[in-house]
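Some structures to go through are shown next.
Each of the next two complexes has subunit A plus one other chain: subunit B in the first, subunit C in the second.
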Partner chain A sequence: MDLDTLLSFRWSVMLPEFIILGVATLLSVIDLFMKKESSRKPLAWLAGAGILAALIAVFMQLDIEVTSILYDTYRLDSFSKAFKILLLLGTLLVIVLSSNYKKEDLEENRGEFYYLLLAALLGAMMMASSADLITLFVGLELLSLSSYVMAGLERRNKRSNESAFKYIVSGGIATAITLFGMSYIFGLTGETNLFKIAENMGNLELLKHSFLIVFAFIITFAGLTFKIAAAPLHMWAPDVYEGAPVPVTAFLSVVSKTAGFVILLRVIIICFIAAPGIDKEPILLQVQPYVMVLAAATMIIGNVTALRQRNIKRMFAYSSIAQAGYILVPFVSNSSLLFELIWFYLLAYLFMNIGAFTVIQLLSSQEGSADVGIFRGLFRRSPWLAVPMTFFILSLAGIPITAGFIGKFGIFMGALGLDPAHYWLAAVMMATTLVSYVYYFNIIAIMFFRDSDGTKVSIPGGMAAVLAFCTASVIILGIMPDLALDFFYGNFDVNEFFMQIETEVHTHDH
Partner chain B sequence: MNTWLLSILILSPLLGVLVLLFTPSQDEKSIKWIGILGTLFPLGTALVTLSAFNISGKGLQLAEKFQWVSYEVFQTNGDVTYPIFYEVGINGLSMVLILLTTVVSVLAAIASFSIKKDWKSYFILFFLLEMGMIGVFAAQNLFLFFIFFEITLIPMFFLIGRWGYLEREKAAYSFLIYNGVGSAILLIAFVAMFMKTGTMNFEQLANTFSLPQSELNEMNITKNFKMGMLIALLVAFAVKLPVAPLHSWMVRVHVQAPPPIVMLHSGILLKIGAYGLIVFGAGLFPDQFKSLAFIIGLFGVINLLYGAFLALTQRDLKRVLAYSSVSHMGIVLIGLAGLNEEGMTGAVFQVVSHGLISALLFFLVGVLYERAGSSQLQDFGGVAKRMPIFAGVMLAGGLASLGLPGMSGFISEFMAFLGLFETMPVLAAVGTLGLILTAVYVLRAVLAITFGAEKELTNAHDLSSTERIPAFILLAAILFIGIYPAWLSDMLRPTLDSILLGLGG
Partner chain C sequence: MLQNSWLIPLFPLLSFVLLLIFRKSKSEGTAWIGVLLTGLSLILSIGVWIAVWQGDGIKVEGTWFEIGERAITMGYEINPLNALMLVIVSLVSFLVHLYSKGYMHGDERFPVFFAYLGLFSFAMLGLVLSPNLLQLYMFWELVGLGSFLLIGFYYFKPEAKAAAKKAFVMTRIGDVGLFIGMVLLFWQVGSFEYDEIFASVRNGDISSGMLTLTALCIFVGAIGKSGQLPLHTWLPDAMEGPTPVSALIHAATMVAAGVYLVAAMYPLFQASETALTVVAIVGGVTAIFAASIGLMQKDIKRVLAYSTVSQLGYMMLALGASGYVAGIFHLTTHAFFKALLFLAAGSVIHAVHTQNIEEMGGLWKKLRLTGPLFLIGALAISGVPLLSGFFSKDEILASTYADGRYGLFWLAVVAAFMTAFYMFRLFFLVFTGKPRGDQSGVHESPSVMTLPMLVLGVLAIVAGYLNTAWFGTFLTDYLAGGPVELAHGDHHGPSWIPIVATAASLLGIGLAYLIYQKGTLSRNWITRSLPGLSNVIYNKWYVDEGYDATFVKGTKGLSKLGVLFDKYIVDGLVAAVVSGVQGLSKVGSSLQNGQVQTYGTFAIFGIVILLLIVALTGGYFT
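Here is the complex of A and B:
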C-alpha cells in the first residue's frame, strides 16, 4: 500500500477514534512527566473533554452516508454510529464516577486508569465499526487487555488482584474459543471480511459441510457471549465485579457489555444471515432453540442466584447477567425490531446501571463495606440518594414510567410479534422478572422500611450531576420513549447494516 | 377546557405532591391538611367531569388521543408502524368508579389523621396511588391501563411496608409478588393481543375480535388464541379481585396495612379486578366468556361460601372483614356469570356498594384500633354504652354488608342472584346459602363489639367531629344508593347495554 492509497481514504470517518487515541496518548505522556506526588485528578477533565469531543464528532457524522475505508475493513454505518453514542456516553459517566472514587490504593495508578479506560473505549469503538474479523478481534483484544489491567488497579487489595487474575484467565479462554470459531468461519469461506464471508456462506458448495457451519456458529457464539456475561460463560462476572474498583465495575457492566452485544450482532448476524444450516434451512432459524435456551438459562441463573447475594456488587453482577439474558431475547426472536430493541434497552440500561453504581460507590466508600446493609435507612439519612436509587431499581425491575419498562415492553413485542410467537420465552422472562422483584425490592425495603442511626452521605458535585442526569433520563425515557426512538429512526437506517460497499477504486496497487 | 379535562383529572393528585415537596417534613398539621385539600381537588375535578358528562350518551366521552410511542416494524412490504397512543375517555362505568375513587380518597385522607410518622412521604405516595387509580379507570388502551395498574402497585408496596402493623414487610412482599404475577400474565396477554391486531385500543380490539372467524384466520387469530387470552385475563384479574384460592395476600394486606390504606385497597383497588373482568373479559371476548360462564359462576359461589365460612371463624375483626371482602367479591362473579342485564347490573352495583361499605367498615376498624390498640373481638364488648354513635354507624354498616333492604348491598345481591337464577338456578340456589352465612358472621362480629358485657376500654370516647365526616358521608351514600338505585343504574345503562350487546343478551 503506497502513500497515495493511504491518503485517498476518507480518514475523517475515523475522527472520533482519532480523538480518543490522541487524548489517550496525551494522557500517558502527561502522566509520565508529571511529578509522582502530584494528584492525577485533573487528568479526568482532559479524558472527559476528549470523550465529549469524540461524542460531538459522532453526532457530526450522523449525516454521512455509509462509508468504508481500509479495503472495507472499517465501516461508518448507522449501526456503528448508534452504538458508539452508547459507548461514549457510558464511558463519560464512568469518568465522572472515577474522578470521585477515593481509595488510597487507586491514587498511585490514577493516571494509568484514565488512559487505560480510553484505550478500552477505543477497542469498543473499533468493534462497533469493524467489518473484518481481524480488526474486530484487534478491537476486542484492546478492550479486554485494558479491562484486565483496570480490574487489578488496586494493587494492594487482594480482592482486586483476584478479580484481575480471574478475569484474565477466563477471558483468555473465551478469546481462544472465539478464535477457534473464527478459524472455522475462515476455513469455510476463505475470507475475513464479514460481507464476503456472508456471500461465500451462501455458496451451494458449502451445503455439504453444513454441520461445520453449525459448529462454527456455536463456537463463535459461545466465545462472544463471554463479554456480555451470558450463561454458561458468566461465572467470571460476580468475582470480577466484586473485586474491581467501582468505576471499573460500572464500565464492565455497561460499556463492555454494550461492546459485547455490538460484536455479537456484527459477527453473527452478518456472517450467518445467508448461511444454510442442516437440511438447507437458514441457520439463524435452526439455532434458535439453542440461543433460546441460552437466553432463558442466563435469565434464570442471573436472577435466581442474585437472590442469595449479600454483597451489593455481587448482586449487581448477577443482576447484570440477568439483564444480558433479557437483551438476548430479541436476538433469539430475530424480529425486524432487533436493532432498536437492543439499542434502546442498552441505552436504558446504561442510565439505570451507572446510576445505581453511583449510589453504590458513594455508600460503599463511606461505610467501608459492600454489604447490602449499607442501604439501611438511607431514605431517612439521605433522601436525595434513596429516591434516585429507587428509580434505578424500579427501572431495572421493569416497572412503568421508567425506561426499563419501555425496554422490556419492546422486548416482549419482539418476542411475541413473530409467528410463531415465543410464548414460553416471554413467560420465562416474565417469571424471572418476578423473581428479580424479590432482591430489587429488598434494597428498597432496606432503604425505606428500616431505620438506622447512620450518618448522612455527602454527595460531591460531579456525582450529584451523574445522579440527576441518570434519574432524569430514566424517567424521561420512561414517559417519552419517542425522544430516543425518533432519534433512532430519524438518524439510523438499519438497512445500512447489511449494505455491502463495493470495493472502491483505490486498488491500483493490486 | 373539556378537551383536557380528563388528563387534568388524572394528574390532579399530583398538585398535592407538588405542594408537599415544598412543605417542611416536620410540620405535621399542615401536611395533614394539605393531604385532605390535595384529595379535594381531584374530587372537585371529578365533579366538574360529572357535570360535563352526558349520562344518557352512548359510547366514550371526553376522549383524548395522541400518538405516544411508535415502533417501526420493518417488513418486506415497507415500514409498518406499531403506534401506541395515549388514549383516555370515560363511559358510565368508569365515571362511577372515578367518582367512587375520589370520594373514598378524600375520606381516607381524613382517616389518615391517625398516621403517626413520616406524614410527608405518606401523603406523596397516597397521591400517587390516587393518580394510578383514576388513571386505571380512565385509560382506553391496554398500554395505558397497564401503566396505571402498575403505578398503583408501587405506592401500595411502600404504604403497607412502611406504615403498616407488625408484619407489614411480609404483607408488602406478599402483595407485591401476588400482584406481580397477575400483572406479568396481564402484560404477556396485552402484548400478544397488540402484536396480533396492531392496536391496543379497547374499542378497536373489541371490533377486531368480533369479526367473523374466517377474517380472523387471515390475521392468525384462532379460536384457541382468543380462549387463551381470555383465560390469561381471567387469571390475572382473579388475583386482583381476589378469587379463592388466590386470596391469601389480600387477607394479609387487610390485616397489616394502615386502616386508611385498607379503605382505599378494599374500596377501590379490588374493584380494578372486577372492572378488568367486565371490560376485558366480557367486553373483548364475549363468546368465549359465555362458554366459561358456568366456571365463573362456580368460582363466584365458592368465593361467596368459602369467604363467609372463614369470616365466621375469625377472632380478629380485621380478618372477619377481609374474608367478608372475599365473600362479597364472589357476588361480582355470580352477577357476571348470569350473562344478562340483571346479573351485570348486580355485579357493577356490588362493585360500587362494596366499595362504600368496606371503606366504612375499615374506617371504623381504624377508629377502634386507635382507641384500644387491638381489633380482637374478645377485647371488646358493650361499646354501644360508651360510644353510641360509633356503635350505631357500625351496626348500620354491618346491616348494609349483609344486604338489608334499603341499603346498597341489598340491591346488588338481589340483582346478581336474580341474574344467575335465570340461567343457572341450581348454582344460584347453592349460592344463597352464602347470604345466610353473611348475616350470621356480620351480626356475630358487630354484636360482639357493640353489645354484651362491657369491657374496660382505656380511651373510649365516641367518634370525634373529624371522624364523623367520613362515617356519615359513607353511610349517606350507602343509603342513597339503596333507596334511589335508579341514579346509579341510569349512569351505567349505556355501558352495560353495549357489553350485553356483545354477549348477545
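Here is the complex of A and C:
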C-alpha cells in the first residue's frame, strides 16, 4: 500500500475513533506527568468531554452513506453508527459513576482507569465498525485486555484481584474458543473479510463439508457468548461482577455486553447467511434449535440462580445473564425485526442497568456491604433513591410504562410473529420472566416494606444527574417508545448491514 | 362530556402525585385531596354514563409507536360496558376514600395511604377506558402494582408483606396467559383493537382452534385477577391489607377486572363453545368451592374474601352460560353489597379491634348503624327477594338453566344456600348473642365512615331494579348498545327458578339461625358427623399446601440445583481433570481455588456436548 492509496481513504469517517484514541493518549500522558499526590478526579472531565465529542461526531455522521476504508477492515454503516451511540452513551454514564466512586484503594490508579476505559471503548467501537475477522478480533482483545485490568484496579482488595484473575483466565479460554472457530471459518473460505467469507460460503463445493460449517458456527458462536455472558460461557460473570469496582461492573454488564452483541451479529450473520446446510437449507435455520437451547438455558440459569443470591452484585450478574438470554431470542429466531429489537432492548437495558448500578454504588459504598439488606427501608430513608430504583427494577422485570416493557414486548412479538412461531422459546421467556418477578420484587419489598435505621444516603450532583437521566429515559421510552424507534428508522437502514462496498482504489493507474 | 372522559383517570393520578409531595404532612386534611379528586372523577363518570345512556359513544386513538410495519395504537373508548364500569369504580373509590379518612385516623403514613389509593384508582380507571388489549394489559399490570403497595401497607406485619408478594406473583401467573393470548391475537388480526378483533372473529378470519386457544389464554388472565380456581389463594391472604383496601380492591374493582375482561372480549368467547364451557365450569366450581371454605372461617374478613371468590365464580358462570347481561348485572350489584359488607366489617373491626368472630357477639345494640347496614348487605348477597342480589342471582340461575347447563345450575343453587348460611353465621355470631370479648370501649364509627356505608346500603337495595322482569330490563337495553350481540335476549327461565333460589337462601338463613342464634342445633354437628370433610374444608382444601409442596419447593429445588451444579456437580465431574491441573499449579493460593478451572471445563464440556448433539441429531452423518 503506497502513500497515495493511504491518503485516498476518507479518514474523516473514523473521526469518533480518532477522538477517543487522542483523548486516551492525552490522558495517559497527563497522568504520567502529574504529581503523584494530586487528584486525578479532573481527568474524568476530560475523558467525559472526549466521549461527548465522539458522540457528537457520530451524530454528525448520521447522513453519511455506507463508507468503507482500509479494504473493509473499517466500515461506517447504519449498524455501526447505531451501536456506537449505545457504546458511547453507556461509557459516558460509567465515567460519571466512576468519578464519584470513592475507594482509597482506587485513588492511586484513578488516572489509569480513565484511559483504560477509553481504550476498552475504542476496542468496542472497532468491533462495531469492522467487517474483517482480524480487526474484529483485535478490537475484541483491546476491549478484553483493558477490562481485565479494570476489574483488578483495586490493587489491595483481594476480591478485586480475584475477580480480575478469574476474568482473565475465563477470557483466555473464550478467546481460544473464538479463535478456534474463526480458524475453521478461514479454513473453509480462505478469507478474513466477512463479505468475501459470505460469498465463498455460498460456494456449492462447500456443501460436502456442511458439518464443518456447523462446527465452525457452533464453536464461534459459543466463544462469542463470553462477552454477552450467555451459556455456556456465562460462569465468570457472577464472580467478576461481585469483585470488580461498581463502575467497572456497570461497564461490563452494559457496554461490554453491547459490544458482545455487536460482534455476534456481525460475524455470525454475515458469515453464515449464505452458508448452506444439508439439503441446501440455510445453515442459520438448521442450527436454530441448538442455539435456542442455549438461549433458553441462559434465561433459565440466570433467573433461577438469581433467586438464591443475597449479594446484590451477584444477583445483578445473574439478572444480566438472564437479560442476555432475552436479547438472544430475536437473534436465534431470525426475526426480521432483529436489529431494531436488539438495539432498542440494549438501549433500554443501558438506562435501567446503569441506573440500578448507580443506586447500588451509592448504597454499597455508604454501607460498606453489598448485601440485599442495604436496600431496607430505602423509601423512607431516601425516597429520591428508592423511586428511581423502583423504576429501574420495574423496567428490568418488564412491567409496563417502562422501557424494559416495550423492549420485552417487542422481542416477544417478534418471536411469535414468525412463521412458524417459536412458541416454546416465547414460553420459556415468559416463564423465566415470571421467576424473575420474585427476586426483583423482593428488592422492591425490601425498599418499601422494611423498617429503616433512618440513615439518609447522600447523593452527589453527578450521580443525581445520572439517576435523573436514566429514570427519565426509562419512563419516556416506556411511554413514548417512538422517540427511539423513529430515530432508528429515520437514520438507520438495516440493509446497509449486508451491503458490500467495492473498495478497490486505483490511484496509481494514472 | 365524552370528549373529556380521558380526564377521569387523571384526577386520581394527580391525587397520587400531590399526596406523594405532601407525604410527610401530619395533617389528616390531606385526605380531602384524594376525596375531592376522586369526587371529580365520579361526577365526570356519571356524566359520561348519562351520555351513553342516551346512545352516545366515542373512540379516540392515535399511533403510539411502530415496530417494523406494525403500528401500535393508543387512545380511549366509551361504550355501554365500560361507562357502567367507570361509574362503579369511581363511585366505590370515592366512597372508600371518604371512609378511609375515618378508618385510617391516627395512622403515621396517612397521606401515603391516600397516595396509593390514588395510584390504584388511576390504574383501574385507565384499564376500563382502554380501547385495545395492549393498553388494557399495561393498566392491568399497574393495577397489580397498586394493589401490591396497598396490601403491603402494614409492612411491619410479616403476613402483610408476604401477602403483598403472593398477590403480585400469583396474579402475574395469570397475566402471562393474558399476554400470550393478546400477542397471538395480534398476529392473527394485525391489531390489538377490540373492534378489529371482533370484526375478524365475525368474518371467520381466525381458525376455530386459534379462537379457543386465545380465548382460553385470555381467560387465564381473568382467572388470576378474579381469584378463580386454581389461582384464588392470594385473595384471602390479601385481607392483611387495611379494610378499606379490601372493599376497594377485593370487592368492586381489581377482582372484578377479570370478569370485565371476559365481558369486554365477549365476542371472542362467544365464537368458541369450548371456551364458554371452560369459563362456565371454572366459575361454577369456584362458586361452590369457595363458598364451602367460607362456611368455616373464623376471621370476619376471610369469610368475606372467600365469599368474594365465590361470587366472582357466579359471574364467570353467568358469562360462560351466555348470560352476558346477568354477569355484568351481578358484577354491578355485587360491587355495591360487597363493598358495603367490607366497609361494615371494617367498622366492626374499628370498634372491637379484632377480626376473630369468636371474640365478637352482641354488637347489634352497640353499633346502631353498622348492624342494620351489615344486615342489608347480608340479605342482598344471600339473595333474599326484593334486594339487589336476588335479581342478579336469579338472572344468573336463569341463564345457566336456559343454556342447558343443569349440573352447574344445581351447583349454583347449592352455593347460594351456602352463601346464605355463612353470611348469616357471620351476622349472628357478630351482632347477636352475648359479647364474647371485651367490648368496653366499643362505639359507633364516625359519620365519615357511616355515610359511605349508607350510600352503599341504599344501592345494595335498589341496584337490583336495573334489570327486573317486573319493572323493566333497563340494563339489557342499555348493554344492547354495545358490541356484544345479545343472542338469547333476556333469560327468564321457568318461573320456579326464583322460588328455588329463594328457598335455598331462606334455608341457609334458617339453618344459620337455628345453629348460631337459637342454638337448637349444636354448632359442630356437621364437624362431628363429617370430621374428614370439615377438616379438609377448614384447611381450605389444602391448596396452599399443595402449591408449596409442588411449585415453591420445585422452584427452590431447581435454583438450589443451579447453585449445586455450579459448585459441586461440575466440580465432581471434572475433579480428575482439576486435580491434575491443580497438582501442577501452586496449591494453596487463595486465588487459584480451582473454580476458574471449573468454569473453563464447564464451557468446554458444554461446547463438546453441544457438538455431539448436533452431530447425532443434525443428520450430517447419514
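Just so it is clear, the second predicted complex is superposed on the first by the 503 of 510 C-alpha atoms of A that agree within 3 Å, B and C clash if a C-alpha of one lies under 4 Å from a C-alpha of the other, contacts with A are read in each partner's own complex, and residues count from 1 in each chain.
Keep in mind that, in the parts below, a residue touches a chain if its C-beta (ideal position, glycine included) is under 8 Å from a C-beta of that chain, and two chains touch if they have at least 3 such contacts.
Remember, it's a predicted structure, so these values are computed and weren't measured experimentally.
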{"item": "Which superposed partner A:S336 touches (first subunit B, second subunit C, both, neither)", "value": "both"}
{"item": "Which of subunit B and subunit C A:I401 touches, first, second, both or neither", "value": "both"}
{"item": "Subunit B versus subunit C as contact partner of A:V494, first or second or both or neither", "value": "first"}
{"item": "Partner chain(s) touched by A:F448 [first = subunit B, second = subunit C, both, neither]", "value": "both"}
{"item": "Partner chain in contact with A:L416 - subunit B first, subunit C second, else both or neither", "value": "both"}
{"item": "First (subunit B), second (subunit C), both or neither touched by A:L434", "value": "both"}
{"item": "Subunit B versus subunit C as contact partner of A:F113, first or second or both or neither", "value": "neither"}
{"item": "Which of subunit B and subunit C A:A426 touches, first, second, both or neither", "value": "both"}
{"item": "Contact breadth on subunit A, by residue count: subunit C or subunit B", "value": "C"}
{"item": "Partner chain in contact with A:D482 - subunit B first, subunit C second, else both or neither", "value": "both"}
{"item": "Touching both subunit C and subunit B, counted on subunit A across the two superposed complexes", "value": "336-337, 340, 394, 399-401, 405-406, 409-410, 412-413, 416-417, 421, 426-427, 430-431, 433-434, 437-438, 441, 444-445, 448-449, 481-482, 485-486, 489"}
{"item": "Residue ranges of subunit A in contact with subunit C within the complex", "value": "158, 161-162, 165-166, 169-170, 173-174, 177, 210-211, 214-215, 218-219, 222, 231-233, 235-236, 239, 278, 286-287, 290, 293-294, 301, 304-305, 307-308, 336-337, 340-341, 394, 399-401, 405-406, 409-410, 412-413, 416-417, 421, 426-427, 430-431, 433-435, 437-438, 441-442, 444-445, 448-451, 480-482, 485-486, 489"}
{"item": "Of all residues in subunit B, those that touch subunit A in their complex", "value": "68-75, 82, 121, 143, 146-147, 150-151, 153-154, 157-158, 161-162, 168-169, 172-173, 176-177, 180-181, 184-185, 187-188, 191-192, 194-195, 220"}
{"item": "In the complex, subunit A residues that touch subunit B", "value": "335-337, 340, 379, 394, 399-401, 405-406, 409-410, 412-413, 416-417, 419, 421, 423, 426-427, 430-431, 433-434, 437-438, 441, 444-445, 448-449, 481-482, 485-486, 489, 494"}
{"item": "In the complex, subunit C residues that touch subunit A", "value": "63-68, 70, 134, 137-139, 141-142, 145, 148-149, 152, 155-156, 160-161, 164-165, 168-169, 172-173, 176, 179-180, 183-184, 186-187, 555-556, 558-560, 562-563, 566, 590-592, 595-596, 598-600, 602-607, 610-611, 613-615, 618-621"}
